[in-house]
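In the two assemblies presented below, subunit A is common to both, partnered first by subunit B and then by subunit C.
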Partner chain A sequence: MKKIAKENLPKLFAEVSAAMDLFTPVKMADVTNWGLWDDSRVADLDTLKTVKSPKDVFFPQCQTLYMVHHDDNGFEISPMKLTEKPFCVFGIRPCDVKALTVMDQVFLNQEPVDTFYKARREHAVLVSLACHKPAQTCFCKVFGTDAAAPDADVAMWKIDEFFYLEAQTEKGTAWLDQFADAFEDAEGAGDKIAKEQDSIRSIVESLPYTHLSLEGWGPGKVEEKFNDPHWKELSDACLACGTCTFVCPTCQCYDIKDFNTGHGIQRYRCWDSCMYSDFTLMAAANNRLTQMQRYRQRFMHKLVYFPENNNGLYMCVGCGRCVDKCPQALNIVKVIKTMGKENADV
Partner chain B sequence: MSEECLCHNDKYVRDALIPQIGIIQKITQETPDVRSFQVIKPGGGKLIDQMPGQCAMICAPGIGEAMFSITSSPTVKEYNEFSIKECGELTTYLHGLHEGDQILVRGPYGNHFPVEDKFKGKNLLFIAGGIGLAPLRSVINYCLAHREDYGTINILYGSRSKKDLVKLEEIQNVWEKAPNTNVYLTIDREDPEWNGHVGFVPTYLKEVGFDTDLTAIICGPPIMIKFCLQGLTELGFSKEQVYTTLELRMKCGIGKCGRCNIGTKYVCKDGPVFRCDQIDELPQEY
Partner chain C sequence: MQELINRAKELLADGTVVRVLGWKKGDLPYNPEPHIFTSAQELEKDFIYNGFCGANLSKYMIAATKLEGKTLVFLKPCDTFSFNQLIKEHQVNRDNAYIIGVGCKGKLDHRKFAAMGLGDIAEISGIELSDACDRIHVKTIYGEEKDIDYRDVMLERCFFCKTKEHQIFDEKLLDSKDTVAEGADRFEEVRKIEAMTPAERYAFFRSELSKCIRCNACRNVCPACNCRHCVFDNTKYDTAQKANADTFEENMFHIIRAFHVAGRCTDCGECSRVCPQNIPLHLFNRKFILDADDLYGEFQAGSDTTTPGPLTAYTLHDVEPAAGLERSRG
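Moving on, here comes the complex of A and B:
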């Protein structure tokens, strides 16, 4: 166990960023999002939820795959270089760590492997901060995440004005060793952390969605849930803005597009949303014509199709971002409750 | 797709999303709006080793990328052929290309028709409408190349008019002359240049009245597939005997971008070939 005083963090960040890319939550224009740290920026470790999840760091919102140049001899394809150097993601929350294991199912555990994502995952050191003040919209416990015990290379707790860090993997140990000078020894802090964990877990128990039941969802429910009459009324107010998919840490659908740089064609992929009407639009037809169908697709994918294909793993981690951000208050909690066992008003 | 890429770290194979360069060796105008493109590697040779029914992504940089079925049989070792109907932005661009021009290709993607097991020893009935012949042609030519492995081959093919029949020359010169092979052609409307059958494919299907010992493979416009399925059911076929292909919008081709997801399946990797009883298990969203 190591510790570092809050006031010494900028010094640690300077050392880390001299050695490797360092991503932290950064506040800009009153909004906290993940960014590359440099000494002009102040890491914001107090805000519980970044607006967008750190999936950006591993699966960028826009990412060039390859360039195509064209001359008299024809095309020349230049694939983009993959990440080759270690980098650090400092302050990632337990639900967002869990979200990476969900995305791993798509990008790493189903052939063919996504090499761009794989390179990012393999070179990342995750330093995860426990959630000391979980919010009313948090429901990570429903999906098996413990907000008090981050499951990452290094687990971190903030108690009073100190951050306590414990390595949980070889990669985490090596990272703490690499920057050993920045830390103080904190053997014997176990009791203090256990007490803090108790406090976190008791807050989690008191949150309104913590005991949300997933009964009625999951593998084997395709026909029953697809034909449920509630989809219509639930989706009526949906604006098709796609905010839920963009703030979601597990939504991984993407588009591949072209950008003409003037010197060549950049083929890039970018986040896309199943909520948009052109997501499935073809020259001949569109197989999901109504917003009800698109809305249903998103939740069926997260709560039925994905779990059926991935041993019961849900494509939701209970981060609550969609609960916070949907302008029409149409969120996954409402869907789970309305069509699940609880069938209660939210 | 496992060749090493020089631009990438040794640990990684070339990403599946990165295409290869293909040279259009030959273009054939099949019908007023269908052209066939023979594609080879730069310097010659076949670009993709596929099985019948598998697809490939074709990209025109700056225009777009889409999935097309590989029309040529795997037994053709010199090139891959794609029969493409002009109907959208990318296909219109492709129709404007010339022999010798380059395109980008990646694949093969998806499953294939079960020519090595379920079809073996069976009497087959191929039912195609319009450009729907494209994916079936690879199976038909594969079966004809391994003639002794299959029973009677029946081919029922129809289009709007005579000039819309894709690969008519091959049908008349090769398929109609093949051993133990019956070809039934039809067009939608009367045509002075046509002395064959006139009428829609599903109607002709019932008129001929095929035996129920056949394994049927259907490809064509959704409405034709629907009525052919009804027709086959009326003739006494069960859904386990009938195969078809699905087609939805795709971007990655490898089951990750999410577009072609229906229920627990991704048409790009779990399809495009489905048995009709398997399709019945999917949510009605295709």
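Moving on, here comes the complex of A and C:
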């Protein structure tokens, strides 16, 4: 167990960023998002939820795959380089760590493996911060995450003005060793950590969404849920914007596009949203023509299709960002409640 | 609020309307959602109207007035400007709308509660229209209790409310309460930005627009953005964009959108309300409004259904294009 005073973090960050890329929540123009730290930026580890999740660090919203250069001698295709050096993701929350295991199912655990994502995952050192004060819109426990016990290379707790860190993997031990000078020993802090964990867990128990029932969802519910009449009223107010999909740590659909550079093509991929009218547009037509169908797709994917195909693993981690951010206050919790067990009699 | 429910039930019962567009109670004290009610029972159970009902329901009427039978819609004073503008642009069918102009005393911004550390609201009082526009009592899930000023958590747009008079309605229910401070100037921020050096101005907009995630919430909520198929969604041309590939695109999407709604934007403020990254998008629109007022005379989009907008009407006294160039040279 190691510890570091909050006031010494900038010094640690300077050392880490000299050795490797350091990603952490940074506050800019009034909001906190993940960014590459440099000494002009101030890390914000107090904000519980970044607007966008750290998904960008592993699967950027916009990512060039390869460049095609065309000249008199013909074509030249240059794939973009894969990440080759380790980097650190500092302050990732337990739900967002869980989200990576969801994304792994899509990008790593089936063929073809996504080489860009794989390289990012392999080279990342995750330093995960327990949630001292979870929010009303948090429901990570529903999906099996313990906000008090981060499942990452290094687990971290903030108690008073100190951050306590414990390595949980070889990678984590090596990272703590690499920057050992920045930390103080904190043997015997176990009681403090246990007290903090008790506090977090008791808050989580009291949150309004913690006991949300998933009964009625999951594998085997395709027919029943697809034909549920509630989709229409649930989706009536949906603006068809992509806010929920873009702040979501597990939405992983993307589109591939070409940008004409004038002397060739830049082929890139960017996040897509099932809320958008051209999502799943094919040469012949689109199989989803109404917002009700698109809305249904998003939640069926998260709560039925994905668990059906991934041994019961849901494609939601309960981070609650969509609950906070939907412009019209629609969200997955309302869907789960309206069509799940809780409202079975309605 | 019960008056609204009772009247909606009457109009449903006597067949004047077949559906009611209003706000439905959320599952937290601060997240009501726009909803179409079709029965008295549903209205009684779920209808709500309080400080968190900021959503402008006008745009939903584009779809609702295409349905068979009349739709009752509750519009706040500022929402009626949008509705008028939609009539002017032939987007809604007035004959299929029954408008109840509902009073307003300014709407609340949950982000401001969160900034004060009061975002996790377990209980709240003082946010009904019948309450004085004064103190709000908040109790959080952490047991913290606080009395705060209504104005400290009010949406930015409500500080510059155009009027509490409905511009179009079939009937009105509940009285409004004033929210505008004496001497409030909605162009104050615009003037501050105008006074910046070009480099400062560029830096300001880059820092704000670099946050954009291209979720299109601003566009999709905007009543003036009523193209059936937006050029940015059109896969037939090179204009479709799902992500900002570079900083140029971050800037251009918002600037192009601001140009497109110029002269038609009523300054309803929904763009800034819905932005997940808190980009002050209304500043673009207000800049265009200020310029249009300056060049073509004062004009308020949506104050009626007939007056042509400054950029769609031609008069012999119109400003010459060169004037823009001269202005930009200072």
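The rule is simple: the second predicted complex is superposed on the first by the 340 of 346 C-alpha atoms of A that agree within 3 Å, B and C clash if a C-alpha of one lies under 4 Å from a C-alpha of the other, contacts with A are read in each partner's own complex, and residues count from 1 in each chain.
Rule of thumb we're sticking to: a residue touches a chain if its C-beta (ideal position, glycine included) is under 8 Å from a C-beta of that chain, and two chains touch if they have at least 3 such contacts.
This is a predicted model, so every value here is computed, not measured.
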Task: Kindly say whether there is room for both subunit B and subunit C on subunit A in the superposition, answering fit or clash.
output: fit
Partner chain in contact with A:70 - subunit B first, subunit C second, else both or neither: first
Task: With the two complexes superposed on chain A, say which partner A:8 touches: subunit B (first), subunit C (second), both, or neither.
output: neither
Query: Looking at the overlay, does A:199 come into contact with subunit B only (first), subunit C only (second), both, or neither?
result: neither
Statement: With subunit A at the apex, the angle to the CA centres of subunit B and subunit C, rounded to a multiple of 10 degrees, reads 90
Message: A:327 in the overlay: touching subunit B, subunit C, both, or neither? Say first, second, both or neither.
response: second
- request: Go through the superposed model and pick first if A:210 touches only subunit B, second if only subunit C, both, or neither.
  value: neither
Message: According to the stated criteria, A:272 is in contact with first (subunit B), second (subunit C), both, or neither; which is it?
response: both
- request: Go through the superposed model and pick first if A:255 touches only subunit B, second if only subunit C, both, or neither.
  value: both
Query: Now for A:101: first (subunit B), second (subunit C), both, or neither, which partner does it touch?
result: neither
- request: State whether A:247 touches subunit B only (first), subunit C only (second), both chains, or neither.
  value: second
- request: With both complexes overlaid on chain A, what's the closest CA-to-CA approach of subunit B to subunit C, in Å?
  value: 7
Overlapping contact positions on subunit A, where the subunit C interface meets the subunit B interface: 255, 260, 272, 281
Field: Interface residues, subunit A side, partner subunit C - complex
entry: 28-31, 33, 51-52, 61-62, 133, 135-137, 203, 206-208, 233, 236-237, 239-243, 245-247, 255, 257, 259-260, 268, 270-273, 276-278, 281, 323, 325, 327-330, 333-334, 337
Field: Complex interface listing, subunit B residues touching subunit A
entry: 1, 5, 7-9, 12-21, 23, 42, 59, 61-65, 87-89, 91, 102, 104, 222, 247-249, 251-252, 254-259, 261-264, 283, 285-286
- request: Would you pull the subunit A residues touching subunit B in the complex into a rising list?
  value: 65-66, 68, 70, 74-75, 77-82, 84, 106-107, 110, 112, 114-116, 118-119, 222-223, 226, 252-256, 258, 260, 265, 267, 269, 272, 274, 279-285, 287-288, 293, 297, 300-301, 305, 308-309
- prompt: Any idea which subunit C residues touch subunit A in the complex?
  reply: 26-28, 31-36, 55, 60, 119-122, 141-142, 207-208, 210-211, 213-217, 219-221, 229, 233, 235, 238, 240, 242-245, 273-274, 276-278
